[in-house]
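As structure tokens, here come the structures.
Here chain A shows up in two complexes: once beside chain B, once beside chain C.
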Partner chain A sequence: MHAIAARLRPLVFPALVLGSLEWYTRTTGQGSDALAPPSQAVLAFGRALLSRGDDSVLQATFFTLGSAGLGLLLGALLGISLGILLGLSRRAAAMGFLSIEVLRPIPSVALIPLAMLVFGFGYRMEISVVAFATFWPMLILTQAAVQQVEPCLLEVSQALGLSPWARTTQIVLPALVPRLFVALRLGVAIALVVAVTVEIAANPSGMGYALMISQQSLAPDLMLAWLFWIGVVGYAINVAALQLQRGVARRMGDLTGGRPP
Partner chain B sequence: MSSALLTFDQVAIHLGGREILSPTSFAVARGEFVSIIGPSGCGKTTLLRAAAGFLVPSGGVVRRHEQPVTRPSREVAFVFQDYGRALLPWRTVQGNVSLALEAAGVSPAQRPGRIAKVLDTVGLSAHADKFPAQLSGGMQQRVQIARCLAQEPELMMMDEPFGALDAMTRESLQDEVSRLVRSTGLTVLFVTHDLEEAIYLSDRVIALRANPTVAKPSLAAMVEVNIPQPPDQLLTKEHPEFLRLRRELYGFLGHH
Partner chain C sequence: MTRHRMPRPGRAMAESLLVLAGLLALWWLASHQRWVSQVFLPTPEATTHSLLEGLRDGELAGFALDTVVRMLLGWLLASLAGVALGVLVGASATARAWIAPTLEFVRPLPASAVMPLAISLFGLSAGMVLFVVAFGAMWPVLLATVYGLASVHVRLREVAQALQLSRLAFVLKIGLPNALPDILAGMRLSMTVSLIVAVVGEMIASQSGLGQAILLAARSFRASELFAGIALLGAIGFASNALLALVEKKLLKWQTT
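Coming up: the complex of A and B.
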């Protein structure tokens, strides 16, 4: 009985919020253009789920996650590679310093007009903006992580006569993994935010666009449904990233498992 | 000394504007076990690092086979004091040993046999698949020694390898290293702050002094150890020669 009560505890607050919203929108706030009863939002979401058109939930979710994922992959690959280089070589870090500090503060959303000119609407434009946004934190965090690799391990690699390539892949990269996961989880959050922003601001596809359209067609029930859905998707991705982190940590001998930060 | 494997020729080391090691000369012959003792801050670890090529001396030259040592070599293995930092925590015991073979370009097909051999030598066969964090300190240090043996070096540098271990483990590892070195003919340069350990293991003990001056250079004393081999934890430490050397060198460790 206590176990069940403990499991239900986190659900008390959401239930209260949903209940009061339902009550408010059916009494005082009836006919509001901004809010709709949660029950109607569920129905609207159900219709969108069943629809086969451009506004289909699956298609929009796939578009947003696909662009966010590919953009993050691109940003992470470039950011991690350059971060390792800048972390290992003081000369490279000195050469890159000015360019990085000038380019890094550009808000990624400010790149949307340029990306639209270069790529037009669609996947490529969104991927490029997400890649730009995730590249910088990956770069900075990787560079800092490389500088924190146990110096003794680098001396071990010298004493054993490991090649520079083997030193990078067998010592530096594995030593980075725990910190890279922190960077990656940050990157996942940024990628989702930027992808949805690009869709709201410019790209006529994905979950952000669906959210915009439901707002413009004065359908607050559908809009709330999308908002809730985006939250659910974000939560699911975070849980998946955490599971991945734990799995890798277990394989790499950290028997305590990755502790959630 | 043509049979010298390693020679120190007027080697001096300055760090941060301070003279750590005043010009010091000595030679290590092939198959010899030489210990370096001295109080903290006398530069014994620095000397060892210079011998291994991790740092270049400010004056003089270290030679191995008559060639100046300028960087680490695969021929020289280095056992770090802090085994916890020197092992790859994400690799198992055999994975850690394998690293030395990968570095030496040993083909994947030959690796398991050679890994099994060195793990058997240090008595870790039963723990090949464990990660370092699952092992005791003494076992972790054995893994590091196994990795160094897999390197098949001609010279092994050991930097206070047993300093962090409890007395029981330390004694059993001393005997193991002694047996191992005598069976393989390895040449060893061994740094320790434990005088008895130095006399127990070595053919020769070099005592360094801290804060060297012109009148009192870094090299304080160099003594030959002539005690019947192989060493025995009880008999050797009761041997009159052992006690005489212990008394002679005691003052160099900062005691007065």
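Coming up: the complex of A and C.
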């Protein structure tokens, strides 16, 4: 009995919020263009789920997750490779320092107009902005992770006379894996936020655009439904990424759970 | 071991500058040789010209000022609201148990996703953008405050009990100082978020600022003005982050560990 109560406890506060919203929108705030009863939002979401057109939930979700995923893949590949290079060689790190410090503070959303100009609307512009946004944290975290690789391992690789390539692939990369997944988890969160932001600001596809267009067509029930859906998808993906990171950390025998460096 | 040999600072700096100069040269070449169309990639000279011109006639400088004010105001509101709500939730273990899971659910929500809701509530106004900036940037501070209050050492709690400190005194004298490093780190992150959300807000709600300026520049194919705006935004991000890092260092001097 007690265990069930403890499991239900996190749900009480949201239930209270939703309940008072339902009550408000059915009494004082009736017919509002901004808010709708949550029960109607559920119905609107059901309709959107069943529809096959442009406002189809599955299609929009697929677009957002697809471009976030591909952008993260691109940003992570570039960030991890450059991060390993800068982590292994102090000289390279010192050489790249200034350029990185100059480019990194550019807010990723500032590139939305540029991406629009270069790629037009669609997958490519969104992927490029997500890749830029995820590149920097991946680079910094990978570099820090490489610098924390046990020095003995590198000495062993030198004693064995391994080539730089063999040293990277056989010693450094396996030692990095748990920390790389910590960085990837962070990247997943950033990628999703940036993808939705790009859609809200410019790109006419995906969940962000569906949310924006439901506001512009004065459909508060659908808007709330999309807002909630974006929240659910984001939460689920973040939880999955955390599970993945923990699982990898356990497998690699890292008992700290892969804490960030 | 080659990786433990530190290069001399002077030489490292010179090499670092050389790499940056190399990147600039690459940009110059790529734009002059038309490797990339000049519609997308203006020459460095054209960009510098647009930047200086815009700063001199005050148009770009005015936009930059608008964006900076929006960012700072939103950040201040976010910091205040974050600490206040964080104390409300974090000061009691009961409130934490009931409300914290909801916060964990809302946190990954993109701040910009709240903007359509804010638009229908408050209309397309500067106040609306400010609200969304503050809302989006509040989370790092809020969660840092909750975490900092929750992670007070058991010994310190016992001391507070022995001294019969009231809850308010406990928060002010033990809880918040304990949370301060986390809060400051959160405030730095929230400054970054503030700039991002401010720019997005200016793009969507057509509020005067760099966000609107670069969107308009891109729409009318004025690439050099677009690049000048991006460069200014980078400078704002760099300056605010560097300033906060400095403040953080000063404020945390008392920490021994």
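Observations on the structure shown:
Definition applied: the second predicted complex is superposed on the first by the 252 of 261 C-alpha atoms of A that agree within 3 Å, B and C clash if a C-alpha of one lies under 4 Å from a C-alpha of the other, contacts with A are read in each partner's own complex, and residues count from 1 in each chain.
What we mean here is this: a contact is a pair of C-beta atoms (placed from the backbone, for glycine too) under 8 Å apart; a residue touches a chain by one contact, two chains touch by 3 or more.
All figures in this text were calculated on a predicted structure; none of them were measured in a lab.
Chain B and chain C, once both complexes are superposed via chain A, fit side by side. Seen from the Cα centre of chain A, chain B and chain C lie 90° apart once the structures are superposed, a value rounded to the nearest 10. Once chain A of one complex is fitted onto chain A of the other, the partner contacts of A:3 are absent, as it touches neither chain B nor chain C. Of the two partner chains, neither chain B nor chain C is touched by A:50. When chain B and chain C are set side by side, the one touching more residues of chain A is C.
Using the contact criterion defined above for the overlaid structures, shared-chain residue A:166 touches chain B, although it does not reach chain C. Of the two partner chains placed by the overlay, only chain B lies in contact with A:152; chain C stays clear of it. The overlay of the two complexes leaves chain B and chain C separated by a minimum Cα distance of 7 Å. Put simply, chain A uses residues 155, 158 to touch chain B in one complex and chain C in the other.
Chain B meets chain A in the complex at residues 52, 54, 71-74, 76-78, 80, 82, 85-86, 88-92, 99-100, 102-104, 131-134, 147, 151. Against chain B, the residues of chain A that register as touching in their complex are 150, 152-153, 155-163, 166, 170-171, 174-175, 177, 252-255.
Across the complex, chain C meets chain A through its residues 1-7, 12-13, 15-20, 23, 39-40, 97-99, 101-102, 105-106, 108-117, 119-121, 192, 195-196, 199-200, 203-204, 210-211, 214-215, 217-219, 221, 223, 226-227, 229-230, 233-235, 237-238, 241. Across the complex, chain A meets chain C through its residues 9-10, 12-14, 17, 33-35, 88-91, 94-99, 101-103, 105-114, 116-118, 151, 154-155, 158, 189, 192-194, 196-197, 200-202, 208, 211-212, 214-215, 218, 220, 223-224, 227, 230-231, 234-235, 238.
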